[in-house]
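Have a look at the structure below, then the notes.
The chains carry the letters A, B, C and D, assigned in the order they are written, with residues numbered from 1 in each.
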Amino acid sequence: MARTIDTAAQQIRTASPAALLRRRIFGHYGLLFGIVVLATIVLIAAFAPLLTAHDPYTQDLLARMKPPFWMAGSDPDHLLGTDHLGRDYLARLLYGARISLAIGVIAALISGLIGTAMGVAAGYFGGRVDLVVTFLINVRLAMPVVLVALAVVAILDGSLQVVIMVLGLLLWDRFAVVMRSSVLQVRDLEYVNAAKAIGCSVPRVILSEIMPNVVNNLIVVATLEMAHAILLEAALSFLGLGVQPPTPSWGLMISEGKQMLLFEPWLIAIPGVALFVLVLAINLLGDGLRDVSAPENKG
Amino acid sequence: MTDPILSVRRLTIDIPLAQGTMHAVRGIDFDLKRGETLCIVGESGSGKSLTSLAVMGLLSGKLRRSADRLEFAGIDLMRQKPRTMRSLRGDRMAMIFQEPMTSLNPAYTIGDQLAEAYLLHRRASRVEALARAVELLGKVGITAAESRLSQYPHQLSGGLRQRVMIAMALMCEPELIIADEPTTALDVTIQAQILRLLADLQREMNMAMILVTHDLGIVARIADKVAVMYAGEVVEQGTAREIFDNPRHPYTRGLLRCIPVPGKTKPGEHLGSIPGIVPSLVGVVEGCAFRGRCDVAAPSCADPIPEQKEGAEHAWRCIHGQAEEGAPA
Amino acid sequence: MLAFALKRLGLAVLVTLTVSLLSFSLLFMSGDPASAIAGENAGAADIEAIRTLYGFDRPFLVQYADWLFSALRGDFGQSYYFKLPVSELIADRLSVTMLLGVCGISFALLTAVPLGVAAAMRPNSFIDRTALFLSVMGQAMPSFWFGLVLIVIFSIRLGWLPPSGTAGWQNFVMPTIVLGYYAMPAIMRLTRAGMLEVLGADYIRTARAKGASEWRVMFKHALRNAVVPVVSLAAVQMGFMLGGSIVVESIFALHGAGYLAWESIGRNDLPTVQALILIFSMFYIVFTFLSDLANAWLDPRIRVG
Amino acid sequence: MAGKADDTLNAAFTKELESVDSYFNSAREGVILQRSIWDGLLYLNQETGEYEGNLATSWQWVDDTTLELKLREGVKFHNGEEFDADDVVYTVNFVAKPENGVVVQRNVNWMKEAVKVDKYTVRIITNGPFPAAFEYLAGPVSIYPNEYYAEAGPAGMALKPVGTGPYQVESVEPGKHFVLKKYEGYHDSPKGRATIGTVDIRTIPDINTQLAELFSGGLDFIWGVPADQAEKLEAMGRFNVANESTMRIGYLELDAAGRSGEHPIKKRAVRQAIAHAIDRQAIVDSLLKGKSKVVNSACFPSQFGCEQDVAVYDYDPQKAKALLAEAGYPDGFTVDFYAYRDRPYAEAMLSYLANVGITANLKYLQYSALREMRHKGETSMSFQTWGSYSVNDASAITSQFFKHGVEDFARDDEVKAWLDKADTSIDPAVRKENYSLALKKIADEAYWVPLFSYNSNYVLTQDAEYTPTPDEVVRFFQVHWK
């Protein structure tokens, strides 16, 4: 029945595809929210030095844990107060956006490259390649991520690079799964066969015929994995094995602030909310992109 | 003559859309007696399927249905609770859909699905229901019926599945059966078999049948009555003979132009194409919806169109007709 | 059905072997186990003696094979830290983690599936938006934060639930919610999407045309088909939960296997870590295997022909 | 739920204890249980600093390496076994054998064997003169029942411990949960009898969870509460908060010997610059608080032989910069800074180092991983702490790290010679003099940068009272209901 309405509704759609897309984007509040918030956070990260006069590393042991502006006893010089070493919390929060974004983006890039390569190969070539890739995906899924990440970080010490690499090397599974099935869907379409028929090389067919048709899914997965990586880093930090101090990562700020959770909850609330908003924005962006690019799959 | 088993007056279906209300079906009337076959013809989007769903009470929640009268065997379907409607559906009125490939639940066996309606409406045991299923499978020409019961839909071919669908619709010996383009998804050769089967069963069980179709060849062979729908209206209806021999509406005539001799159109042949597009049905629709494509359109076509009648059954909505052509007698 | 099951079983065994090999080699690189066992005041000679005694000087593959064959007999060696048989140590901890996992996934399913169905029945309604909101929150909220917030509210402010321990069912309420809420969004969304897709399917219309009640249509005809991917997801989530309950176990002092694994990593207690990684991956494999079987049962297209 | 009403003291451990058998764990939690479950031959009175008899009633050195002890009569183990010389002989001979694998060898490897003289007289033979013997006999060396231990072994003892102490063990869930019951048959020991009927100890790793349990009444007693939280708890007025210094000191271990290769820290001026760069007093005042103090010597001030008159490096960044320039690093240098605990203190030090131009990259590792690196000599600078196992003698710390062992990054022969002399002499004056020489040189050369002594905060429900001691050992038998 829904289909009946759709066909009926399609008849009266006179708008151009571009206008339609625009309407879908602006009609999708989740997507709008995601874009606006994410853009804001990116800008904050880029212009952090302009937004605060404080250095995120300068400590002042005599001015520890000054409360933020909405609490009694706050210092107007430190809008969001100071942390357990007397460092300006706002400065750490602003600079921390860089770290959290970097973790999300780079980890998603690495895992995206691995997962896409594997998924596309499996979907395109099928047969044994597919068997091997499917097997690897199974192996990867069977490994307890948090444990393995913990083990590796514990062995290699938790520098930013190590954490990003570990997350990147562990989170490729969803890319591979989604890319594989997406490629399977478009592999036998006419234009792909046509490209093959006129003798295009395999890389060319994949890059110019297949990839453009699966890139929507790729972007959606990438956003979700970004969020995933950011949350995982926070969890590692919570367990004491994330990014090393004094780097101002939000996960680290939460882990440092958690000690005082019951007494100074704002210490963990501020980076916690920042992390929550960032992950929320990325997730909404991903969901929104999926809805907009394939409204029939909404859900 | 007996009373009609189905009587429809001014049936209207509106679809609320973001851009406004779409008047998908606009005040149609028809009657159907026991043992009669009504064929509804028209192009996609003309409201044929919606009309049949409206009779079954299967329109989705967003669609608004209204009618001056919608009576089935003396029961006012407009005023029945969902519960009563459910007790009628599958029992006294049944429907066959156009996609046999997807209309069967992939998770259950043929036997389960056949038995379901019987178990829902009859005080019967599962064994009895399955026996009835075997009987009907035999009736729709499925061999080795017993062994089919434990099979799943994906193990059957399209033609077999449509036979199963027919058997399912007939489980409770309905008084009214609505077949919504039951053959469009099938091979041409199988189409004929299925339609012949339907027609035979309809006669045998003395059901009233509404057959929604594109296929004028079929219409010519099995219809007692024909309703031609265009843009949500029945633009012309009458006995098959009247419609084929003496079409009054320009649209009907356009449709028939590709079958010069009624009764000789081959099965499977499609409606001819008429240039132009169907107007939007969103918002207020005034006058004749066909006027944009009509060779004989006149300025007064934009005004409300009166219904013209000829004899007991033949009626059409056009400013032309009798006056221009004269009664063919 | 049998052939299908055997095929999946073979794959499962192969995956298990690969994971165990990977984890074994990972830990092999992680440092000198002899030095870990020897303790603080051991000299180089002591460490060397321990290395020979435990056989750490043998080639990697020999050690792996040795470990694997013992493991097949259920013997995972002795914990370097607790000086207890690992199998004994783990059995105790696993029961907590399993209980937590089962409670967590049940909570997730019991909230996510009805919510997903309700949301799909009335898209864009209040309940749909609520469900969406809950799932978006769940996806973005770090579980340690959620856990601590629950403790503050229910243990400190209201005094309803004990913050830690395993003494009674009350102890499992908050951990279950935290762990379950982690898995809930994905299951909810998949249920909703699956139901939406299925509800638009022709066979649902067929069922209605037969006169089936809405309830019957939803739960017999629609959910049965929509639930197929949900079962797979739930199995995957269950596997993740067991391995990922470290944070929850640490916050609520549950002393489960996840927490043990984390601590054992820090203590260089290799036999324990190896056994746990293997067992966690086997959980995942067993659950997905079971879900494959369940799906085959639910979806005859997989099972037959 | 619990507490005074049902005579149960609910306490929490932070770490999972590997084994209750006190010879087979190296954890603070193990020492705490040990003191409640078992007794030593001697007892150190924390107030007077004098040794008193516990399972022994009198003792004397027969010669440099033979200590004869008279044992207390009429003492019974928790399982009813009678205490006599056989128990001492069996215990000492078992733990003194290296192949039996006692975890902390230092606690026992000074003993060669024990010899039974008669039913209530034993002799303990030491491996060479060992002046700190009483310290160990009053501390980590507890006496086990010979018959039971022979049968159960360390594994059995870990699950069902049996001793003579003021508390007997009701149940053990390894690592997780320990229940102690007052031992009604406890002998007339200087420890005193337990007054609280049951002590229920659970392991709760997260400090917030511990606090939440404390607030909701699930716990009555926690310790090791960080300074900031302790301050807040005290301000709440609902708990008894006591602070006591501990014997643990923090220090920077500097690779003066160049074990980790060529690097600036090999130069004395650079090490001194590091010492001048860090404002230890500010770290103590702002972060450690309580009874913590800045320490200047490579030992805990109360320890025997811990010379206090050593070179003191004031907080003086200008001087630090000057020393760096003098050493040839006017622009500073970059170094890896290893640490395994107290991240905020480490971070604070990083910041001070940065101020004088030293870029220190923090490498925060698990204890065992870091120890392994240090044993291999791969760290040029690390933030370490040492609790001396609460042994109130410089041999438990200075001698531990400066006698060319794997954890000696100074490798100073002179220092080693002095320490050897001090460690093996029976004459307190000789010992004092040699420790003093060694500690002065360590300070002059800045082999270590001693930082501060730690303190511990003990938080109790208002119903209970406890006076903590500097040895960081919680004595449940000295906790009283009000």
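In this text, a contact is a pair of C-beta atoms (placed from the backbone, for glycine too) under 8 Å apart; a residue touches a chain by one contact, two chains touch by 3 or more.
Since we're looking at a predicted model, the values are computed, not measured.
Shared contact partners of chain A and chain B, listed by label: C.
Interface comparison, A-D versus A-C: the pair with the greater number of contacting C-beta pairs is A-C. With centres computed from Cα atoms alone, the innermost chain of the structure is C. Greatest centre-to-centre distance from chain B is found for D, with centres as Cα means. Chain A and chain D have Cα centroids lying 46 Å from one another. Separating the CA-averaged centres of chain A and chain C is a span of 23 Å. Centroid to centroid, with C-alpha atoms defining each point, chain B and chain C lie 53 Å apart. One simple way to say how far apart two chains are is to compare their mean CA positions; for chain B and chain D this gives 91 Å. Touching of two or more other chains is recorded for residues 58 of chain B. Shown for chain A are the residues in touch with two or more other chains, namely 1-2, 154-155, 258, 261-262.
Contact of a single residue of chain C with at least two other chains is seen at positions 31, 148, 152, 156, 205, 250, 265-266.
Chain contact summary for the complex, chain A toward chain D: residues 57-59, 61-62, 64-65, 84-86, 154-155, 157-158, 240, 244-246, 256, 258-263. Contact residues on chain C toward chain B in their complex (touch as defined above): 201-203, 205-214, 221, 224-225, 298-301, 304-305. Those residues of chain D that touch chain A in the complex are listed here as 207-208, 211-212, 215, 226, 228-229, 232, 279, 282-283, 285-287, 343-344, 346-348, 350-351, 354, 361-366, 369.
Contacts from chain B toward chain C in the complex involve residues 56, 58, 82, 86-91, 94-95, 97, 99, 102-109, 116-117, 120-121, 152, 154-155, 165, 168-169. On chain D, the positions that touch chain C within their shared complex are 1, 16, 18-19, 24, 26, 103-106, 154-155, 158, 173-176, 202-206, 208-209, 212-213, 215-216, 218, 366-369, 371-372, 375, 405-406.
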